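Common to both upcoming complexes is chain A, partnered first by chain B, then by chain C.
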Partner chain A sequence: MTGTPGLVPAAGAGSPSGPLAAIPAGYKFGFLFVAGIGVYLLSDLVAQIVVFAVAVLAVLLTRVPVISLLRMTTGLLIIVGVVFVTTGLKTSWAAATTACLRLLTLCLFAYAISLTTRFSEMLALFEAALRPTRRLGLNPEQMSLALAMTVRFIPEIRNRYLEIREAQFARGLQNSPVAVIVPLIVRTLEAAQEISAAIDARCYDSEPPTDRRAVR
Partner chain B sequence: MPPRTIDTRTISLDHVTVNRAGNDVLRDITLQLNERRIAIIGLNGSGKSTLVRLLNALVLPTTGEVRVGDLVTARDAKQIRRQVGFVFQNPDNQIVMPIVGDDIAFGLKNLGLRGAQLSDRVDEILARLGVAHLRDRESHTLSGGEKQMIALASVLVMNPSTIVFDEPTTMLDLRNRRRLQQQIDRLDQRAVLVTHDLDMIADYERTIVVDDGAVAFDGAPADALDFYQELCG
Partner chain C sequence: MVQTRSATTQNTVLVAVFAAVIAALGIVPPITVGVTPVPITLQTLGVMLAGALLGAWRGMLSALIVVVLALAGLPILAGGRGGFGVFLGPTGGYLLGWIFGAFVVGLLVQRWAIRQDNVVVRHLCVGAAAIIGGIGVVYAFGIPWTSVSTGLSLGTSFTGSLVFVPGDLLKAVVATLIAVRVHSGYSRLLDA
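The block that comes next holds the complex of A and B.
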């Protein structure tokens, strides 16, 4: 329904745009699954370069500014660089090139998909994929909510960590991990209790809704 | 969005006691809440938050009974939560979804709403509070004032007949405090406000002072404020 791109969204970014945004999330993630197998079946270097070029094109089609894309992929490029050198030194440079092309291709496809898929679409897909687990006694709605809340609260917990660290620094406790971790755990547990109350207050029911007339 | 109506159902607490770990947090509270604007004030730890959490079944009485119309909190918690919305002190704990629009939709989805109807309700409520531009924003990137507005929107979108505010201005600057106050004043719903912000409640119909787990004063705001000042020494 709403949402910014899923895995690596820029802070405050708007809705996903570009031609890939119009493709349903199920098709995109299905493609990523097939591509994950396909790139490892391709052994011809030329074919690998062509697929890599398609992945680059897919990322450019997200309409995210190139500067932002470069910022997002810097970490990835460093890791791939390390893989290239170590693989090249241990095996051969041809093998290193193939391994890195595969890795980059898959990561770029993943970027393109996550940048053009709203989080709510991903969540709906995740929930749909987990639906069969209901037969095993699991609850896909609860698992989906847990995933959403994990994404939601990672930045909050990071903020709490930074606040506590700053406070401990102010007290001269620079080198005491315990002085940071213990209050962080306590504050996180306190927040969890409040969040649980908030979810209850918002009529959360993990069972699938049946009565649509209930909304006034 | 259906037309909003002011609720006429009485919220009643009948000899309610809440006991936690052997201590009475609230003692023998009996109240009938009929007014449209009700304030609850008191010192820290006096039991104000526990009292208002009784109203939408977030806390159940150890003895006694809380009713919203014909519904009893101990028996009908789900129905009561559709009637009585709750805005928490810290909006960070109330916003559960990573994207603002999804968070507003969260409660409606729980009631089975989907598609255009759901989307329209989200748009309507965000526009009403003047925060439509935040719809696609990530929740953690909002300012404190924006978060509190989204928390209010997430409650209002459910169209409850009563909204409980538990110290909603504590984390807000003066501008955002005024903005929130204006929104509360405009509500058609009954509002029950717990606050330390005594300016906010001057025009309220009724003010209850809670002290040491009991109702120490119940009456007009001016008299309640005099009583409270004395209580504070």
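The block that comes next holds the complex of A and C.
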């Protein structure tokens, strides 16, 4: 991955490759949106199976090993299995097949898109989508700052949690969520105060230039 | 009220670090609480806490950030899931529900629950807020979504969701204990 060092790649492992990775994220999400409506308009079983086959192909084109793909979709497959049986018993097996094919097709397309789009590309897309919210009085720069800061702090807070849990293990409190999370929250609040002081001290100005008179 | 720059920065940082707390609680090993035999993940506890500790708007923004990052493909949902597939899948509605759930928890805690003078009453009210927002509102989005996404009837997906109620009630209790304790140390947390 380039651009954002130390970042976790999107849902799969490794950097996205395959022919789908070259398509801009905006087009892929546009496609997903259309597909989301499209699968509900298709009522012919053959057409549904064809679209489902395309979705399977799209996932295979991500070049993610089949084992990781299966691990990723286990939960989904279990739910789809349950849905298939309950719908089949309650209504008809044809309706059950249609419902499950629709769900699987959409989810597979979505996985294919997630797996072939870099995380930084996704964030850029979201930021572009957020830009018009300035007219509503929101501040897209602050939102980008918050998104970036969250990503930066997830591993930090996870480690802090594990540290505190280990410390409480010595007191026999490792399974008491209160004893673990209260110190975590208190430390996090203290860190938040230090960070915002540091941001202000460096005059990091995320406000749009036109709003400065309110501050000075 | 004219917000000063430092208040804006502080709010942004609080929202961001709390989003990180919600995300981190989803990827730490599950914890065995008290009497339940099944280990539970703490992610929804994080959602309740964000509302109860930061208040309605900031709590909601924290939950929103987690959902946005998960959609973008960061594997931060319980069990290392993430990506658009989760959102379109049967459980996607619960994710959407987090955003509004955190808001409702925050609103109730901020405006009503934390202002109770009696300690016992305060605990009960914060608990009620966590249950209404963190369970009621979240399920109100999750159950219909499951039903639309899978084609199951509303009744069936309601029955299916009941499996998670005991765990979530336990989390509401834990969230209450944590929130009341943290607020008694940081009484100005909800002022801003």
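What we mean here is this: the second predicted complex is superposed on the first by the 147 of 216 C-alpha atoms of A that agree within 3 Å, B and C clash if a C-alpha of one lies under 4 Å from a C-alpha of the other, contacts with A are read in each partner's own complex, and residues count from 1 in each chain.
In this section, a residue touches a chain if its C-beta (ideal position, glycine included) is under 8 Å from a C-beta of that chain, and two chains touch if they have at least 3 such contacts.
Quick caveat: nothing in here was measured; it's all calculated off a predicted structure.
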Exercise for the section: Answer with first, second, both or neither: which of chain B and chain C does A:151 touch in the superposed model? Expected result: both
Problem - Most chain A residues touched (candidates chain B, chain C) - result: C
Exercise for the section: Kindly classify A:15 by the partners it touches after superposition: chain B alone (first), chain C alone (second), both, or neither? Expected result: first
Practice task
Figure out whether A:43 sits in contact with chain B (first) or chain C (second), or with both, or with neither.
Solution key: neither
Exercise for the section: Would you check which partner chain A:119 touches, where first means chain B only, second means chain C only, and both and neither mean what they say? Expected result: both
Handout entry: chain B versus chain C as contact partner of A:195, first or second or both or neither
Key = both
Exercise for the section: Using the superposition on A, tell me which residues of chain A are in contact with chain B and, in the other complex, with chain C. Expected result: 9, 11, 119, 123, 145, 149, 151-152, 155-156, 191, 195, 197, 199-200, 204-205, 214-215
Problem - Residues of chain B touching chain A in the complex - result: 2, 53, 56, 58, 77-78, 81-82, 85-86, 88, 90, 92-102, 105-113, 118-119, 122, 135-141, 154-155, 158-159
Completion exercise
Per the touch rule above, chain A residues touching chain C in the complex are 8-11, 32, 36, 72-73, 75-76, 79-80, 83, 86-87, 90, 95-96, 98-99, 102-103, 106-108, 110-111, 113-115, 117, 119, 122-123, 126, 142, 145-147, 149-158, 161-162, 165, 175-178, 180-182, 184-186, 188-189, 191-193, 195-197, 199-200, 204-207, 214-215
Handout entry: Of all residues in chain C, those that touch chain A in their complex
Key = 2-6, 8-10, 12-21, 23-25, 27-28, 31-34, 42, 45, 49, 53, 61, 65-66, 68-69, 71-76, 79, 81-85, 87-91, 149-153, 156, 174, 177-178, 181-182, 185-186, 189
Problem - chain B-facing residues of chain A, complex - result: 1-4, 9, 11-15, 118-120, 123, 145, 148-149, 151-152, 155-156, 159, 191, 194-195, 197-205, 209-212, 214-216
